[in-house]
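Below: one structure in structure tokens.
All chains are identified by letter, namely A, B, C, D, E and F, in their written order; residue positions are counted from 1 within each chain.
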Amino acid sequence: MHLSQATWPEIGARLAAGHTGIVLPIGSHEQHGPTGLIGTDALCPQLIAAEAEKRGDLLVGPTFHIGMAQHHMGFPGSMTLRPSTMIATIVDWTASLVRAGFTRLYWLNGHGGNVATIQAAFAETYAAYSLRGEPAPFAHKLVNWWQLPGIEKLCLAEFPVGHGSHGTASEVAVTYWGWPERAVLGQQVLDPKIAPEGPIRDAADYRARFPDGRIGSDPTQATPEAGGRIVSASADALVSDAAAFFAEASPGLAG
Amino acid sequence: MHLSQATWPEIGARLAAGHTGIVLPIGSHEQHGPTGLIGTDALCPQLIAAEAEKRGDLLVGPTFHIGMAQHHMGFPGSMTLRPSTMIATIVDWTASLVRAGFTRLYWLNGHGGNVATIQAAFAETYAAYSLRGEPAPFAHKLVNWWQLPGIEKLCLAEFPVGHGSHGTASEVAVTYWGWPERAVLGQQVLDPKIAPEGPIRDAADYRARFPDGRIGSDPTQATPEAGGRIVSASADALVSDAAAFFAEASPGLAG
Amino acid sequence: MHLSQATWPEIGARLAAGHTGIVLPIGSHEQHGPTGLIGTDALCPQLIAAEAEKRGDLLVGPTFHIGMAQHHMGFPGSMTLRPSTMIATIVDWTASLVRAGFTRLYWLNGHGGNVATIQAAFAETYAAYSLRGEPAPFAHKLVNWWQLPGIEKLCLAEFPVGHGSHGTASEVAVTYWGWPERAVLGQQVLDPKIAPEGPIRDAADYRARFPDGRIGSDPTQATPEAGGRIVSASADALVSDAAAFFAEASPGLAG
Amino acid sequence: MHLSQATWPEIGARLAAGHTGIVLPIGSHEQHGPTGLIGTDALCPQLIAAEAEKRGDLLVGPTFHIGMAQHHMGFPGSMTLRPSTMIATIVDWTASLVRAGFTRLYWLNGHGGNVATIQAAFAETYAAYSLRGEPAPFAHKLVNWWQLPGIEKLCLAEFPVGHGSHGTASEVAVTYWGWPERAVLGQQVLDPKIAPEGPIRDAADYRARFPDGRIGSDPTQATPEAGGRIVSASADALVSDAAAFFAEASPGLAG
Amino acid sequence: MHLSQATWPEIGARLAAGHTGIVLPIGSHEQHGPTGLIGTDALCPQLIAAEAEKRGDLLVGPTFHIGMAQHHMGFPGSMTLRPSTMIATIVDWTASLVRAGFTRLYWLNGHGGNVATIQAAFAETYAAYSLRGEPAPFAHKLVNWWQLPGIEKLCLAEFPVGHGSHGTASEVAVTYWGWPERAVLGQQVLDPKIAPEGPIRDAADYRARFPDGRIGSDPTQATPEAGGRIVSASADALVSDAAAFFAEASPGLAG
Amino acid sequence: MHLSQATWPEIGARLAAGHTGIVLPIGSHEQHGPTGLIGTDALCPQLIAAEAEKRGDLLVGPTFHIGMAQHHMGFPGSMTLRPSTMIATIVDWTASLVRAGFTRLYWLNGHGGNVATIQAAFAETYAAYSLRGEPAPFAHKLVNWWQLPGIEKLCLAEFPVGHGSHGTASEVAVTYWGWPERAVLGQQVLDPKIAPEGPIRDAADYRARFPDGRIGSDPTQATPEAGGRIVSASADALVSDAAAFFAEASPGLAG
């Protein structure tokens, strides 16, 4: 079930039946090199969660689709929340879901640049309880989709050379599977074939280091077919990983 | 073109060619009565904008899909940003797009409860410039989709009785057009047939006044077909309304 | 009774007797064209509330006199709160009054530019309760003084041509009634006689569109006498409108 | 000239003539014991500034009338801003006035409990410049009205016994001068005649220490006549003190 | 006992035994003239508290070592928190300590520029309780170390001429006692021997008024020996002053 | 040189000579099990940086000693900043140092729980520039001391069994080296000898999972001697790692 297409009585019934976990795709809108879509980091976890929803009894929530991407602001079309804004937003999402009775929030992330801010936001939500001396009635879990069990290995098997860390062959392949009409983008010749690597700082520094936006990757290898294989394996992994989290006993929670 | 499925060079080229306007659907995730989808207010402007994008040369951005819905928090599945958080988020979206060179942000809204906060957010973005004594290099426009030229009349013609103001027959019809498999929800018998009306305050007050969530509406009249007619007319209206805004001369702007 | 000139035991006695409503004038300090006073939008609701207090058993609070007026910052003497600051301030006013036992806050507004931010602030005060799942022990009501029952009609009857929407003949008349020595300002010849109209954006844009500050108005028609008639009718309307709000049963409140 | 009753061209002319200073009364609305008005701390500097405006060429701005009074919240009718809100508000007042060209802001304070927060707010306004390495184009001055040259001595001469520090005989006298019909409040017999003293902490602690709200004072001595003498002397002192500040050369400013 | 070198069971035992007070040195890192250390204002209360801890049964907490020093930002090595940040930080320190059971926080301050912000922060911590109508379960006390009983007199006796108010002979002496190898700094010849005085505003204004950073002082008089005498007397005064505060009955607290 | 014991002319000279890097120890004050000091995570990087300062030409700044430790709040003596507060504080530290001319901030961290918030704070400092389209005139680097080149290997060699991840044998050893009189704490018998492992959530959950505070560690193995070896190797590693960062060419910076 997807929250967007559900009614409130349906969600209420699901919670009343004890299904108090939800999967929340989280990503970003930012440049992904000349061959990658701006929405890549939001679209990947969204596609995987949608596929998982077909295969298991999962409730999937709206995709948190604008993330922390300040370093990409030198490339048009990129969007960012400041970390402080993103924390406030995750605080509100959490409060809303906890108010309804959700106790387990599984965040499936598609953007490495989000990780620190998401974890800081988790701490912000917990801190309100921790400082009052009350147990938090919920638990968060953050998983990058490429770190779902078995997926990193699969991605490197698909693209053993030039996988990279931004605008990767894997994530681009996943989006080509979702929007095959855009796979033609991968026919460009990129120079250099494999993009450089380096530290990530502000946007001007980033654009100077990584002129076309990619880091360490050759995304021209991406195909819809490879993307489909990654989505399929990731969806299976998500079904079981989320189920384990939702079933886990927690000292500070009832379930 | 949709920003999510575009590349940064594509967006850069568009901006370089002087197309510096963007349409941003904005809505909410909140209960819409027993027959309406939680995502209704985000899905309606998103569907309309997607249809408009097919008919005109528009750039459509990501849907701002979680809005200000504190009064709906008594119904499970509803999500809200506090107004202060929503303002900070719109500030960041605006800053990101303006950084890239966008000068006209057309917000197509699907949630009446968003209007005040969106307008306050616009003022927050302008205030930074106004207090420094600099012209703001951008302009916002906010339009509720049902107030696009000609649409309110069409909606009332489709549903002359029991249109209502929350969980309306029109918006439910639009979502049934988008997700026809959900149109079966409309076969429920609601009691009362037409929901009550009243002021909107906090969530507890809301749930006491409007027990099943609807305000003033009989959404069981909704059909995918009516929804399709509304989407089609709205998309046409959006194409011309956005074009007029993007072409408008502004004393404080170049274009 | 006016809160400023009351003692705490007087307020305590009033609350103990069940009079838990208060009228709060709210306005702005901003340019009102060459013939209008900077304080107009604060002074109008303040004058009306003061007159109402003489005629009915009302408690009137301090005037919230600096509002959201970012668009007027191109004209000297204008003052503004950023929307985020104004929201924080209304949150604190509300918390203070609710702490004492007030349950009904009737805001009589004098500035159209305040409306969105005030409503966003109301939502911010409610959201704290709505997200915790507790009923808010208070209710807000916002009324623009010119929208008190019967007043808009009266204003247009007084000034059928060139009433306008900023620096209006009505509001200027009200202040001339309050400060008749300033009515001489109205003897200026304005060019154009009736000011232009247009959208409201940032301050630079505003000043370019509306060079002397007025929008759509010919305030040289204003007279103290007309102002007195408007104040008198508005005061009567306020007495009954506030009484109705204070007496209204509310599902989420005791009274 | 009072800003509220001025027009923007009048303020513009004044600034163009080099009169870039403004007097801003600042106070609070909070309990002042059984015989004192809730608005006392706002009304005193407002009355003094109004009187000064008659005697000298001063521009007086709106009274910042709700201050930091958290410790008084145990008494009905008291209102407070949290310090963080008050700082944000002073930041916005300052930005507005500086935007217009004011360079000297003279704050005439009526509430001891405001002092720390006001000074913190001044620092907040300066810090933005100091951290950027730019000179601030303005200077603040804070003066408690009872510390205007000669006034403390006068107050103690009027009320040598039981002057106190909250709900003082002096401030109550000033308000009785302003609202002589309220002087009858002073005919109450207070027990004890002179209120106790002690530290100021939170509201519950305050109410336990100071059951009727006064600290160290016997305000039943207050008379309109004494109030008038204090106002008169304070107004004269303000005229010269503000003039000196406005004329003072400042290394970081032009004037 | 110093919190940094204690274990949690040790702190727990101390609290369980009813020792719920803690001494918190608080200062700043900012220029102190050509002969004074940047850390002076943090180091002085830290040294005094450390000495007091040896002489009495005190628990000393970490030094709040970066304070509000915006006016010093024209001199390299100075650091500042904006007042709003400092308030948020003191709020968190307070919440943390109160969560553990501390009820009395004695802040020993070394920087005059901190006072307003610290007091505003105290009010911020109290306001949360005062607005909810709950007694705050803690009390703050702020003492500048030079205002400990008897210390100001001692300092002026040590340095009767040119003591000053920033980069004072006393505080510099205290740091030379702590870091005698740095006493050689005092052999510089300063011009003028005694620094000028004046108001404190933004950083550019400050540097223009006080070119080498000192205000009113001749710190070349400082010696480690004088510093030692000041530390010793201050430590004794702190032991008894803190003990009195920790033992004081408070209406709003249990202890 | 340590900033606290330097004068502003010394810092100015250092910057003028092109030494624009600074090492900032950053840690936390929180429980470290029955044998570990509350200040461990601040003291370790502080001790290492102090030792490095003796061996190389480093400028060391004040220790950021209270970090993000919400999960430890169930143990007395623990202190935390909320992530949002910590971000604001790091923003101010950065602004202060950049204002003076520092361009490279090397943060030597002692607390795993800080990492996400520190990285979010870095992004917050960069975002201001990235959104304006200006290059940030500084770069941050974050290194956990145990991840300095070669140190993790050394720690595991010292403590091959039961090293753990909180209250580790290594960090406890480092503090025993710094405060050998506290090494006696290590003579306790802990049960279990090696603490359990698990996820980190809110404070109540943490205390339920990890009853004495440790995670996965047997810190009774810690000795001052082992600590000394770790400090020595870490100091050497820091000298070279910081030097490399300070010398690194950066596209977005001059140096």
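Please note the rule applied: contacts are C-beta pairs under 8 Å (C-beta built on N, C-alpha and C of every residue); 3 or more make two chains touch, one makes a residue touch a chain.
None of the values given here were measured: they were computed from a predicted structure.
Graph distance from chain B to chain F, where chains that touch are one step apart, equals 1. By the document's definition of touch, common neighbours of chain C and chain D comprise B, E. C-beta contact counts were set side by side for A-F and C-E; A-F has more.
Note: the chain lying farthest from chain C is F, by mean C-alpha position. Centroids of chain D and chain E (each the mean of its C-alpha atoms) stand 29 Å apart.
Centre-to-centre, using mean CA coordinates, chain A is 25 Å away from chain B. One simple way to say how far apart two chains are is to compare their mean CA positions; for chain B and chain D this gives 47 Å.
Chain F has residues 73, 80, 82, 84, 88, 96, 99, 130-131, 133 in contact with two or more other chains.
All chain pairs in contact, by the document's touch criterion: A-B, A-C, A-E, A-F, B-C, B-D, B-F, C-D, C-E, D-E, D-F, E-F. Residue ranges of chain E in contact with chain C, taken from their complex: 130-133.
On the side of chain E, the complex with chain D involves touching residues 68, 70-71, 73-74, 80, 82-84, 87-88, 113, 115-121, 123-124, 126-127, 129-131, 133-136, 139-141, 199, 201-205, 208-209, 250-253.
Residues 95-96, 99 of chain B are the ones touching chain F in the complex.
Taken in their complex, chain B has these residues touching chain A: 3-12, 15, 29, 31-39, 42-43, 62, 65-66, 73, 75-82, 84-85, 88-89, 91-93, 96-97, 99-101, 179, 182, 185, 213.
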